[in-house]
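I'd like to ask some things about the structure below.
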Amino acid sequence: MPQVTITRRLYFNAAHRVHNPALSDEENAATFGKCNNPNWHGHNYTLDVSVTGPVEERTGYVIDLGRLKGIVEREVIDKVDHRNFNLEVDFMHGVIPTTENIVVGMWRVLEPAIRPARLTRLVLWETPNNYVEYDGK
Amino acid sequence: MPQVTITRRLYFNAAHRVHNPALSDEENAATFGKCNNPNWHGHNYTLDVSVTGPVEERTGYVIDLGRLKGIVEREVIDKVDHRNFNLEVDFMHGVIPTTENIVVGMWRVLEPAIRPARLTRLVLWETPNNYVEYDGK
Amino acid sequence: MPQVTITRRLYFNAAHRVHNPALSDEENAATFGKCNNPNWHGHNYTLDVSVTGPVEERTGYVIDLGRLKGIVEREVIDKVDHRNFNLEVDFMHGVIPTTENIVVGMWRVLEPAIRPARLTRLVLWETPNNYVEYDGK
Amino acid sequence: MPQVTITRRLYFNAAHRVHNPALSDEENAATFGKCNNPNWHGHNYTLDVSVTGPVEERTGYVIDLGRLKGIVEREVIDKVDHRNFNLEVDFMHGVIPTTENIVVGMWRVLEPAIRPARLTRLVLWETPNNYVEYDGK
Amino acid sequence: MPQVTITRRLYFNAAHRVHNPALSDEENAATFGKCNNPNWHGHNYTLDVSVTGPVEERTGYVIDLGRLKGIVEREVIDKVDHRNFNLEVDFMHGVIPTTENIVVGMWRVLEPAIRPARLTRLVLWETPNNYVEYDGK
Amino acid sequence: MPQVTITRRLYFNAAHRVHNPALSDEENAATFGKCNNPNWHGHNYTLDVSVTGPVEERTGYVIDLGRLKGIVEREVIDKVDHRNFNLEVDFMHGVIPTTENIVVGMWRVLEPAIRPARLTRLVLWETPNNYVEYDGK
């Protein structure tokens, strides 16, 4: 039974500030540079959501892409699009909104929501030149 | 002996209809929505073909990319480009032409044709926002 | 009063056959080659819709992009997405569905629908390697 | 004497809020929707700066691209990258930071700074799906 | 009679050295920096060739894209692909191989070869971040 | 402790000639075709450098992207950008400069330089249509 991975790409944009409230302002500035700007900055993010499984004979699908898109929009995109990661996103509460922490936070929300289908990879692009990947491990 | 993976990207376009002849028209419409249009629709597909192996000392190649391209064009691209997946593609006979089934069908044709080189991954993009991967398992 | 051009990019896919019913089958095959396949083929199209005008002081907009997107989706995208250009698209009746004729057909539909805003350019990509532009002249 | 146009592409990201302080909160929300979020949002912007002129015989250049890049970075990119368009950008003072107003603001800064070379077009992408163009008219 | 512009994108790669033999080595190094490396460097170039005209009723084409591609390959691509612009390209003899001079050289070759169709624009990308345009004026 | 992979994309261009000095000119021409041109050719390369590890609580980073970029620029990009792979790049001495050998050479330079962070993947694009991957095995 072939195991195929299918990926849906989605887009959103958001503001954030890379800032650790446990550090002084000087330490934050020295550690995070212009990403620590107190007036915020922002990005267009690209998110690739991958699900792996057997191909269902009745449909030829691993998962219906419309259904997958619906889950990701409801659980993640609607909470972050045109939002501020530091102030408005419930699943980012208490962590610094770096791309690494965002992708882990999204995994924790999406993995149970997509079940019984099996989420196997998230890729999150912050700019055209950097991205992170997480597979739940 | 380093094992390197080399990938050649190729392009084609085709028409298809996501349709299961074992279902009624109503079930097909409910299951596949606008992808079930009886008048067909189509896509520009992008195919990434990856071969993994040691780097041959005489050439510095894992596989000659011109030779790889020739095999993929002969075995796959020439059979699907400007074609109808439901009506005209021998290796898709009897399966619903979803991206999942197309990538598995292409693997079954390409894996033996590329031997003794080792095909290790196919990635097939159907639109800029969705793609499938298959590694033969 | 600065005149700025703003563009919204939209996507759709469709099937077509490049075929002139006034020609014989042999002439069609000789003229259009594999694009004349009677079983259809298809593409992912990209459409850039450009509107030019002064920047409204109250909004900072030439035109509200949400409103522009709504017009283009209603007048064009909903009529062509996952459709067959030869069989199902009213504004293509009686012309060969080449990219040239499609872009002119879309102009004729969109130009009055966008008024009083001024449509100034359509760009339509058929594949990553070819596109057409039309400015109404 | 051939007149050639040469373009340098640059990147930056920033936060903003589409908001007109002359309107009530209700009017702002109704007019600008989620782009009016008081907690900001942001984008990765792409800027194409075009200069037109004869090809200098001694260098084969219309303008030295390194020099052009230096001017654009000093006059524009350094003032907006990782910044907030509403709060921190001098040339945006008193206008709503829509893409239309940003591109006109950048033109007013860049046109004199690039002289005697002739700036002929700015293109500013806000997302992969919308962009504005301005040629100084 | 609508006038439509159709564009075919083609790719090639080549080596070059930005060097003016009328200058001293010191002047060349000071003027052209690392682009003057005597051991050469190179690029993947992207060329967009645009033809404008009425849409022919019999075909729905401004120009047959296969014919256009054939002309551009024979007249330009075959002479520059995997070649050295300074040493091997006849139409670049006696000029510095900057992107500006290359696009003008290509125009002079292509404009008569494409006639009676009307070449209206060439765009040549040297890297993902810089490109030139020429329209014959 | 989640293990996240973070990737930084960098760009360079270079000249090369695919040539094995142990072979005759005839064998080289027969084996490597136009890639063997004695006058060189070149490419715009894209390099993706991936580091995997736990997310540091103090910073939210796997590795500071500015520090990673600095290492890759110093160890690799500055040695290859606008250079000739056959003549000028120390870590390519004695091997044919195919993409496969370049990616292995870069791994050998980068893996110790990035430690104690863990380099887990390099992807090197030579053209928009072919790329290699190496993970140190």
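A few remarks follow.
Residue numbering begins at 1 within each chain, and the chains themselves are lettered A, B, C, D, E and F in the order written.
Keep in mind that, in the parts below, contacts are C-beta pairs under 8 Å (C-beta built on N, C-alpha and C of every residue); 3 or more make two chains touch, one makes a residue touch a chain.
None of these values were measured; they are calculated from a predicted model.
Touch-path distance (fewest steps) from chain A to chain E is 2.
Interface chain D/chain E: under half of the residue numbers present appear on both copies, so the contact uses mostly different residues.
A repeat of the B-F interface exists among D-E, B-C or A-D; more than half of the contact pairs are identical by residue number at D-E.
A centroid comparison over C-alpha atoms places C as the chain most distant from chain F. Among the remaining chains, A is positioned farthest from chain E, on the basis of C-alpha centroids.
Spacing of chain C relative to chain E, judged by their CA centroids, is 28 angstrom. In chain E, 128 are the positions where the chain touches two or more neighbouring chains simultaneously. Applying the touch definition to all chain combinations yields A-B, A-D, A-F, B-C, B-F, C-D, C-E, D-E, E-F. The part of chain A that touches chain D in the complex is made up of residues 11, 13-16, 34-35, 37, 39-44, 81-84, 87-88, 127-128. Touching chain D in their complex are the following residues of chain C: 2-10, 50, 55, 58-62, 65-66.
On chain B, the positions that touch chain A within their shared complex are 18, 20, 22-23, 31-33, 95-101, 103-104, 107, 128-134, 137.
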